[in-house]
């Protein structure tokens, strides 16, 4: 075995090294200088992100357990960018609050572990690797959710997440065991060849599917979402809603499009039904929320429903549109969470009512929020519109016009509650509006990056073309 | 013949209008008066010149008066249908040119005195010019659509002039009423035009009216489609006549005319007596060949009857009214009914077309003496500051010129020879006698009524009781007196014009002779009417009240104008406003909008209803999870594979 | 291979185990009990993997290996869950599941 | 840069410049300059169009095509025909007038003008696009600023109205989106690639089944913006709450997107669907025409009256479009233009009256002619033009529509035309009621005697709008011919 083949695991290895470095740093850096770990972590991760863009690699390791393709590689980069922005947005919070409680480094270690899990999950070539990746990505997040140990809701969020996740992965495992029973292998490629549409296989697939649905928070497996999002620290919520969800969507799609391709006639109906439920339930719940985090939680449930419209396509068009949408979604949601984060950090306020009159005191933040919400709602010319439009195109290309129609009805409903936030920020006047404040460099950088992403991703078409090319290779 | 200079006749008033309208605040009143009169005078001269040219120099070719047309396309509809703008010169349009410019000039001159000191002096002249322009455009129109365009413009100028005293609510509502009623009638006109356009493929009078000596009407070859047993062209004509009836205040569209007297009196003279209200007559005359030939004159019959009945109806009402302008208004309606009737009973060829000729003749003479009556009435009103008979009496001592001219006009309208009205009325009765006996008798009866009510107010104003006035009335200034004198002159001599030589249905002209027996009957009836008025009103006495009582209900009904206003009010207020519009507004608010809002509200309600699903209990979530799995498995394994 | 016992019987057993776990998860009031129920679900899968490997595909050890990993991960999971539960206990002095219902709707 | 793309670029640049302005004075000056440049460009385009048309015989001229999303075959394709040219001119004029009318915008002026110009950008983009996707993008860009414009600077129940308007319009655009996707995926019916390009799709025979399915979606999607009964209810509330310039722009320009879209997409691309569904929608449109007029009679708020009047007048546009012949279509386009100018004028005047008397309730107004002669006179003129008086643009439009409608060989259509014609009387009723009530009659007690007279910027704004109304009304031939020529290729699709 040639060691150069470990280059395939470049992402994983570097991230692991960074994590270990931080661990070491945690030990050796004296208490009063712990704040510098934040800079160090961001710096290291920044380098990691940049390194990720250097060249694509393709191949498999460990007898096919681990594989890397340009698409996977690209997606890891996407996740990296997302995490980097997230780190930038969280830096102030960590330095001001968490470092003082002597747990600044933990955040990075847990977060990076989770990210590492995702890397493995999306690179998985068999169910074992997939399962390990899945668990590795979930467990640290559960710890992170309970990160603010002094807060009761944080612990509650942690409990809810870990138990639900355990249940989900248990169900999922049971399903995998059935697939193993019918196909005799846990390798994706083998299963794909063996699979037939018998009852046990379908049951296995459904059980497995629910496990991932849980991560993507599809209805009716979404109930944990709102509670955990509300209880967890904003950075963690943000991570859950964009990075974790994105990775899960990616691997779900790969599995559905490759391993379960022969069962497409079953799962496309399933996806159809779940997509509808997810969009409607997510939107109906979101329209009533007052807490911004909870609000964004339901909105992200609804967004997951839209993603299924791309998945239902079942071909590389669907694949490309979903990846593109996820990318756009990462930027949009991060922008929204970033603003919530900034405001929460300065004032501790997280309710929609507190945002009233925000534009008159903090115009820039409000504008970022507006762009983010427009992008989430799918209003041109920001990127979200293109993302959604392409998803609908993907669904429509298979003739699912009714589904698209209901989806656009949902877009309208979702617009309603996004506008509620805009109403609070722009339309209302408030004596006790949140006073003007300025953000520190990291936060600003984090927001600017997201805004750039929101604006350019849509208008800059070569990006989509690039994704489209990549998705061709995967299939 | 180069006729392009005729464009100047309407364009000059338009220019005056724009000049005065845009600069209404900057121009001094005195100057604006001069500008208005000067502009009109130019138009007047041009009209006279045109008339001379047409009738005596170049118009008649091969014993027939020709049509001269000059036009350009204004708007294209389809390859064949288009609106042209241009001028059509033939005998009736020339005749109308003369009438319009003459009366308008007189009214302009008169207004300089009458409107003196009014804030809106300039505005008044601007509107008058606008009206004159529109009316001239209407007269000269070459096709149905052009006439419709100017028809509407005339309507709006009428609106503006009736509502001239716009701070007075009654004036505003009168203006509104006039516009809406005529607009409603114009709806018929427009639909008629559309029908013509669709079935004949043209709007041009030239083509529409074309009569081929061998095959008859050209239009008839184009369309033979029928609707409810009547050819669509006939329907079209009836609808077009509806427009005409609206503008000419025929039954049942007459209700706006009495109210229109809210406008300044010179305006009433110009628009609501002499020119605009005869537009309907002119329209029917313009399309006369069609009316005559299509469906054997079915539509023409309607014209005759509507005219006859309106004439009778208006004359009866006129007897009972106490506002002198309203009496004159009903008189106008009555006389126009006469003209309509004349058209309706007319034939086409040669002497058969006497009704047509008579109608135009009466239009001409009526314009002169009715304008005179109005201007005279204006002069009286100017002097006593009231419209009502009860405030007048014995004015002959104070206003000699007005008295004499008013008397001349009254004699003219009463049909006493040799005044103008006698000649034209006689021709009408001849035509009616020859074609429709019933209408003839109506006509004779109306002639008597006309004489009666006209002298009723004449005596009431100038004779009767000797009233004491707070301010001693005085004769009007020269600017007002001159038009009176001029028109009085016209009222005397106009009847002597050998009209039938120039204007006739087939454009060939014929020689009209006085029908002595009929003339004698008409004159006698007229004189009886005058005599009765003399008895009742010459001296102040209670005879009239007594007789009025003896008529009882009829008097009451006539006094209330047969409750037409109330009927209209009922239809508009109770039916349209309350029974159509209000329910629609309600429906829109509650049902249509309610549905839309309801969808939104329901969504919120549903959202609130289902919030219990998210109970916060971990185990409920797990239960939902498991149920989800089981249901999915059940459905997709057993039901929907 | 266990003589006299077919794969169906064992699979039935694991299925029952799975549903016992689910039932326990849904009905227990104590967070620790719930955690134990989750373990049952996991173990059902573990047994499944081993049995399927042994009975159906004895020439490769994929299933067995998988089950070892599951056990390890389950242990980590339990440890983490317990630590969070302890943290909760520190704040409210209770490990009842009904204490975790603050966030809802 | 090509002559058309500039129409999008200039407002965007204006917006960017506005970002750096500091106060009302700077903001309005910048907006005014930007809008002036636009107007100049629009006028220039008219001449350039005529010139180009002499040498270039294609349906659209000044075409420019850039690939955008290659895999979906999405292009940025622009081009204009006579209709778009006219619409662009309308937009430029109304926007400039709107800027003048908002001369004294106190609250957040910079943001106001930015929103206004973003809206304008969307509208310009919409009119120049001939790629369905690009068109749709601009369509939504034009709609969304309405929320802020009404919500922030509006009056009355502005939040509710803004939300309602936005949701209904976006809901419509959602329906439209499905329709557009339907067209897109049927654009390879004759072989060839999927495309969003309108001109190319028009050459394809989209299967009848698909046309039947997607025509109502596309039609309704656009027609909601054109206030199709029964989806018009956003309009009264929205107009009533919106600030003056926004009402102007919205009723004057934005609502025109509806008719234009129906014409350009629904009719052009799905002619068989149009024939199939025509009668149904025609009845709806005819109901809207009469219904809107009757509803207007009953209202007491000036803006509500105008909003319902718009329902009626724009119903006429849809009505004409469904008549499927050249005359009626040309009438529809001219009506769009005419209504655009007139309704903008109306709203501007209402704004001026409201700004002075602080009421829009007609029962509290009266005799304003005496104290506000300029506004009064223009109000009467606008009213007269609105009720279709010859000499103003409304007449030309309505006559085209009526004559066109009546040229339809089917009796049913002619009967409906007669019904639509009858709306002119009802229009007269409410316009005259309005004029009589607020301008004439005695002065109402609460109207102060010395209200400020119209200012120069108000006058400029109004005259900008009045000039084209009269120009079209007096000499319609050049416009009518320009539009007729452009309709020719479109009508051929329907005849085929």
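The letters A, B, C and D name the chains in turn, as written, and every chain counts its residues from 1.
Basically, a residue touches a chain if its C-beta (ideal position, glycine included) is under 8 Å from a C-beta of that chain, and two chains touch if they have at least 3 such contacts.
Keep in mind that what you see is a predicted model, and the values were worked out from it rather than measured.
Student: Write down the chain pair with more C-beta contact pairs when B-D is set against B-C.
Tutor: Looking at B-D and B-C side by side, B-D shows more C-beta contacts.
Student: Go ahead and note the Å separation of the Cα centroids belonging to chain B and chain D.
Tutor: Computed value for the inter-centroid distance: 37 Å.
Student: Roughly how far is chain B from chain C, going centre to centre by Cα mean, in whole Å?
Tutor: About 97 Å, centre to centre.
Student: Between chain C and chain D, tell me the centre distance in angstrom, where each centre is the average of that chain's C-alpha atoms.
Tutor: 65
Student: Per the centroid of Cα atoms for each chain, what is the distance between chain A and chain B, given in Å?
Tutor: 78
Student: Going by the touch rule set out above, which residues of chain B reach two or more other chains?
Tutor: Within chain B, the residues that touch at least two other chains are 600, 611, 614, 616, 618, 622, 626.
Student: Got the chain A residues that touch at least 2 other chains?
Tutor: Answer for chain A, listing residues that touch two or more other chains: 159-160, 163, 167, 171, 226-227, 288, 416.
Student: So which bits of chain C are touching at least two other chains?
Tutor: 22, 25, 34, 100, 102-105, in rising order.
Student: State which pairs of chains touch, listing all of them.
Tutor: Taking the chains two at a time, the touching pairs are A-B, A-C, A-D, B-C, B-D.
Student: Flag every residue of chain C that touches chain B in the complex, lowest number first.
Tutor: Those residues of chain C that touch chain B are 22, 25-28, 34, 97-98, 100-105.
Student: In the complex of these two chains, what residues of chain B are touching chain C?
Tutor: Residue list for chain B touching chain C: 611-612, 614-619, 622-623, 626.
Student: Along chain B, where are the residues that touch chain A in the complex?
Tutor: My answer: residues 600, 603-604, 606-608, 610-611, 613-614, 616, 618, 620-622, 624-629, 632-633, 635-637, 640-641.
Student: For chain D, which residues are in contact with chain A within the complex?
Tutor: The touching residues are 67-72, 74, 133, 136-138, 140-141, 144, 147-148, 151-152, 158-159, 162-163, 166-167, 170-171, 174-175, 177-178, 181-182, 184-185, 213, 217.
Student: Taking the complex as given, what residues does chain C use to touch chain A?
Tutor: 18, 21-22, 25, 31, 34-35, 38, 41-42, 44-45, 48-49, 52-53, 56-57, 60, 62-63, 65-66, 69-70, 73, 76-77, 80-81, 83-85, 87-88, 91-92, 100, 102-105
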